[in-house]
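Listed next: structures, encoded as structure tokens.
Each of the next two complexes has chain A plus one other chain: chain B in the first, chain C in the second.
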Partner chain A sequence: MTALGWAIVTLVLAGSGTLVLGLTLRWVDRKVTALVQWRVGPPWYQPFVDMLKLMGKENLVPSTARGTGFLIAPLVALASTLVVAAILWHACFRPQVGFVGDLIVVLYLLTMPALMTMLGASASGNPHAAVGASREMKLLLSYELPLLCAILVGLARAASLGGAAWTFRLGDLVQAQSTWPAVASASGVLALLVAIVCAQAKLGQVPFDLAEAECEIMSGVLVEYSGPSLAMFLLARAMLLALMPLLMILVFWGGLYTGAWWGILTFAGKYLLLVALVTLIRNTNPRLRIDQTMKLFWFVLTPAAVLALILALNGH
Partner chain B sequence: MGVTTWALQKSLWVYHVNAGACNNCDIEVLELLTPRYDIERFGMVLVGSPRHADVLAVTGVCTRQIMPRLQEVYLQTPKPCVVMAIGSCAGGQGIFTEAYHMATPVDETIRAVDPNAIIMYVPGCPPKPEAMIDAAVKAINFLKTL
Partner chain C sequence: MSIVEQSSVEAAGADARFVLDDALPLTGVIRSLGRSVIEVQQCTPRRAAVRIDPERTVEVASALLAMPYMRLATATAVEVRDGLDVLYHWAFEPPVPPDKAGGDGCVLTVKVLQQRGSSLESIANVVPAANWIEREMHEMLGVKFHNHPDLRRLLLDDSWPEGVHPLRKGFDQVLDRPPLPPNRTTDMAAPAPAPSPAMAPPSAPPASGKPRRSMVNIGPFHPLQEEAEFFQLYVEGETVVDVDVRLSFNHRGIEKLDESKTFDQVPFVVERVCGICSASHPLAYIQAVEEIAHVQVPERALYLRTIVNELERLHSHLLWVGLAGHFLGYNTVFMWAWKYREPVMDVLEAVTGSRCNYANCKIGGVRRDMSREQLEHIDSACAGLVGPMEMLTQAVLDDPVLHARLKKVGVLTPQAAKEFGALGPTARGSGLPIDVRRDDPYAAYDRVDWKVITASGGDVFSKAVVRLLESFEAVKIIRQCVKEIPGGPIDAKVEAIPPGEGVGHVEAPRGETFHYVRSDGTNRPVRHKVRAPSYNNIPTFKASCIGLQIPDVAITLASVDPCYSCTERMCVIRDAETRKPLYTFGELVRLSQLKTQHIREKG
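Entry: the complex of A and B
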């Protein structure tokens, strides 16, 4: 098959798989939240039904909005998440094939949903959305630096473990860590913890859901979105929920070993552990103010990530 | 019944509009989210914006102040949507019918902008959560006929 054919097949398979996985994880999240609150919670198909329903609703564009930017933003957010899904799953199942720098492309594309929510919110002309967009921007500025530092730790560990030069290919990263993952070291543990908190912020989950705080700014950035365009944003978020644990496993925890049944089992175990952590953090924390969030990321997590990087460069 | 209509009756998102209520019905609406009633079993959640809503849960008498705003919120809700007039006040202005600050009742206010609006009435002062769940079931049964 030609390279283009492979690309299309990967995009379709990984995209649809991640959609299903992400929506299922949304249900797990809601069900666990309900159980924590001593409720029964929604049936397993609830997120799928929600998306289907939104597809059949009216798509309203407010009279104060810039129509083009308002409607393009959710499309770009969904499309970039689909490409991230294709690259990450490709690195899982065919680590030998891949292009140099795919990790950098993934990191760029992962910021697109946040950028697009800002763009869409600003285009909607709603004051609540403007407040939400400003908070989203500050949140992005807060968590990107520690996240990148933490991912550099994964690269440094892979370089020292694999005994090779630094690599920006996810496949090489996974193969260098196949016997001894980055997380089996002091710097790796510290970096993974920082990355988990950053992923929580990237997913917009409590305690970092201040961009769409329901009770103060009425779902903030999403306030003017309805019907299919809202569904696209929610789908992009559900897919991110499936992709962030995957990225962390690829960078810190040795990826997916498809050669044996225990490889797939341990991968599933790691994955479920990271997803459960997201839900657990969400259910046991109150929302932080934006100044508290920025202080946490800049003065606690960034130094921690830099410390981890220094440790990793010295071979710990 | 199309696929999206089927999905709609499985996942009704509620936006709560207070049109001059005494807060009694509002407390009873919040009761639906508690472990005892847990309306999320049927896929119903409270949302923060009328743009996301399928059901407008209107409480209160509809005062002259709120009347244009209620109409605006109804127009901002993507269709198809259901209006649930909760409490005796929202149903027919209750004991405040003759008062000086009354606009038209909730149903007439909404029919003034959309004659074909779907309106459910939940009488009571305040109505019990069971009555509201019953109204939700009736709304779902009505949506099945669309």
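Entry: the complex of A and C
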């Protein structure tokens, strides 16, 4: 099969798989939340029928909106998430094959949903969405720096463990950590903790859901979206929920070992633990204000990530 | 009403003109008003009325506001032969000595006559608490004010014709009702209603060179509020620079309605003012009528009234804690608080027959006794609540993120609280120790041991702390009442209501609810004024919200627990396929009766 054929097959398989996985995780999150709150919670297929229903609804474009930007934004958000899904799962199942710098591409593409949310919100012409977009921008500026620092820690650990030069290939990164993952060190643990908090912000979950903040700005950035365009944003988010834990496992926790049954089992355990943390954090915290969020990321998490990086460079 | 002292306008000071009893708490206040006073009526030791010179409204109002422990409760306008009588009700609440169970709280009514063809000087410039009520008297009864800062409409719809005052006796609520405005959503061809001159834009446009101002609407329907209201936040960036409130999307004309009901029917109407304060409103009305008729209420009835009113406070405070959590995105607190609130609702249903409208209070006593088993049921439900409430309180007081979100946010200074006439937890959170239950004791509150909870911060956190700790006091009061309730009759015989006027106020969960009733000796009230606590608390946003960020405003708006006196609306649910109505009224009644029965059997 040609390289293009492989690429298409990977994209379709990884994309559809991540969609199903993301929506299922969405259900797990809602069900667990409901049980914690003494509610019954939705049946397993609820996120799927939600999406189907939205697909069948009318797509309203407000008269104040710039139609093109408003409609393109969710498309780009979904498309870039699909590509991230393809690259990450590819690195899991075929770590030997891959291109140099795929990690950098992933990190770039992961900022696209947030950027597109901002673009779409600004294009909608709604004052609530404008407030939401400004918050989303500040949020992005807050968490990107500590997240990148934390990921550099994973690279540094891989370099010192594998005894090789720094690599920006996910496959090499995983193989370098195959015996001792980055989290088996002080710097790795610290970096993973930082990355977990950053992932919470990237996913827009409480305490960092201020771009939507239902009770203040009525879903903020998404307020004007309806029907299929809303569904695309929500799908992109559901996929991000599936992808962020995967990225963390690849960078810090040794990836997926497909050679034996226990490899798959431990992978599932790590994965569920990271997903459960998202649900746990969002159910035990109130929403932060944007200035408090920025202070937290800049003055607590960024120094922590830098400290982890210094530790990692010194071999700890 | 028995008029003890009355005299004419001849000599110099109030002292020389009127015989005043030095033992009464209001005497010093009346004396200090000096020459402005035309007439004094000392109705009961705790209630007095003075008629003042219509030229001196502002002078008297600023003198009264400057006095310590004095606040404007509300005002009432009444049609009289010579024009309109405006009654400013001032509450005087001196501190309570620690060894006493009840204070010397009084209500001083300042009466001003607005003669036909003249107008009164507004006191809203010196007393912010008078702003809304003067607007209301202006539109509902046609009282003329000059120098009012903002005489826009408050309650009436924009389409309501000018010069038609629905609370006038000459206005018939069926015959004189103006036609409804065309429905703009279904009939787009209908002409847009001309903007009424009374609805001028609320805020002046910003001066040039200032940052761009935009408006963020909270309402008329918004996830922050469970009822229809409309806050317009003027924002620069995320900072709020001005707030305007538009309310009364559901004005139901209860005061007008009461004038057509007999004294005994009114409690059923006023308990529908609010689905939560449905024990406080009837009690305040009943106390006003009992004051007119000089009724001695049996002891057991006083205890029963206390129990229902404290259960109401308990469920209302738990409701607020949940909602506050929801507004902060903390939905776990929301669900947990509401789960623990449910046993209180169940116990209310078991002992009164309804979750919301208890119909247990009547003039002279209560309608329905509680058996020993029912009292035990209440006691065990309250005892079971203490553990979960402690957990919730700990969760709130120890959570660092909640501290960051609530402390020093939306601060209402004690001075502003006094000027706006803030009430209940809103005032107590600002360090004002006012509580009608203690200051002007009613029911059995001076017979049991409890504390008035205050906090000094004035911020949202203080208001939360006050509400949480008050819930523990409520449990304490209920359990003491259950233990100490005396036997005996529950109802005094009331023959007829003599002519006169009375004031009743009750500490509802959100603050003092104030009722004024005037009787002319027939079987219906001539005038019945209802003032719910949120009426005074909502305008405090002008003092507490300016300069805050939008997320802080959201929780500050919620921190006074605003209640827009909700209404039930008619809706029919149909099966989508067969078009058959589901859940008809009869079926709903049957279902709720079944549930009450179920709770009674369980409890």
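To be clear about the criterion, the second predicted complex is superposed on the first by the 316 of 316 C-alpha atoms of A that agree within 3 Å, B and C clash if a C-alpha of one lies under 4 Å from a C-alpha of the other, contacts with A are read in each partner's own complex, and residues count from 1 in each chain.
One rule holds for everything that comes next: a residue touches a chain if its C-beta (ideal position, glycine included) is under 8 Å from a C-beta of that chain, and two chains touch if they have at least 3 such contacts.
Remember, it's a predicted structure, so these values are computed and weren't measured experimentally.
Asker: What is the contact status of A:L52 with respect to chain B (first) and chain C (second): first, second, both, or neither?
Answerer: first
Asker: First (chain B), second (chain C), both or neither: which does A:R39 touch?
Answerer: Both partners, chain B and chain C.
Asker: Who does A:H316 touch here: chain B (first), chain C (second), both, or neither?
Answerer: Neither: A:H316 stays clear of chain B and chain C.
Asker: Under the stated touch criterion, which partner chain does A:M218 make contact with: chain B (first), chain C (second), both, or neither?
Answerer: Once the two structures are laid over each other on A, A:M218 reaches both partners.
Asker: Touch test for A:P286: chain B only (first), chain C only (second), both, or neither?
Answerer: So A:P286 only meets chain C here.
Asker: Touch test for A:R169: chain B only (first), chain C only (second), both, or neither?
Answerer: The answer is neither, since A:R169 touches no partner chain.
Asker: Look at A:L230 in the shared chain and tell me whether it touches chain B only, chain C only, both, or neither; answer first, second, both or neither.
Answerer: first
Asker: Both chain B and chain C touch chain A; at which residues?
Answerer: On chain A, the overlap between the chain B and chain C contacts is residues 37-39, 214-215, 218.
Asker: For the complex, give me every residue of chain B touching chain A.
Answerer: Per the stated touch rule, the residues are 2-5, 7-8, 10-11, 35, 38, 40-41, 43, 47-49, 51-52, 54, 76, 78-80.
Asker: Sort out for me which residues of chain C touch chain A in the complex.
Answerer: 214-216, 222-224, 235, 237-238, 325-336, 339, 399, 401-402, 404-405, 549-554
Asker: Which part of chain A faces chain B closely enough to touch in the complex?
Answerer: 30, 34, 37-43, 45-46, 49-50, 52-53, 55-60, 214-215, 218-219, 222-227, 230
Asker: Help me check something: in the complex, which residues belonging to chain A touch chain C?
Answerer: 33, 36-39, 127-128, 130-131, 134, 206-207, 209-210, 213-218, 283-292
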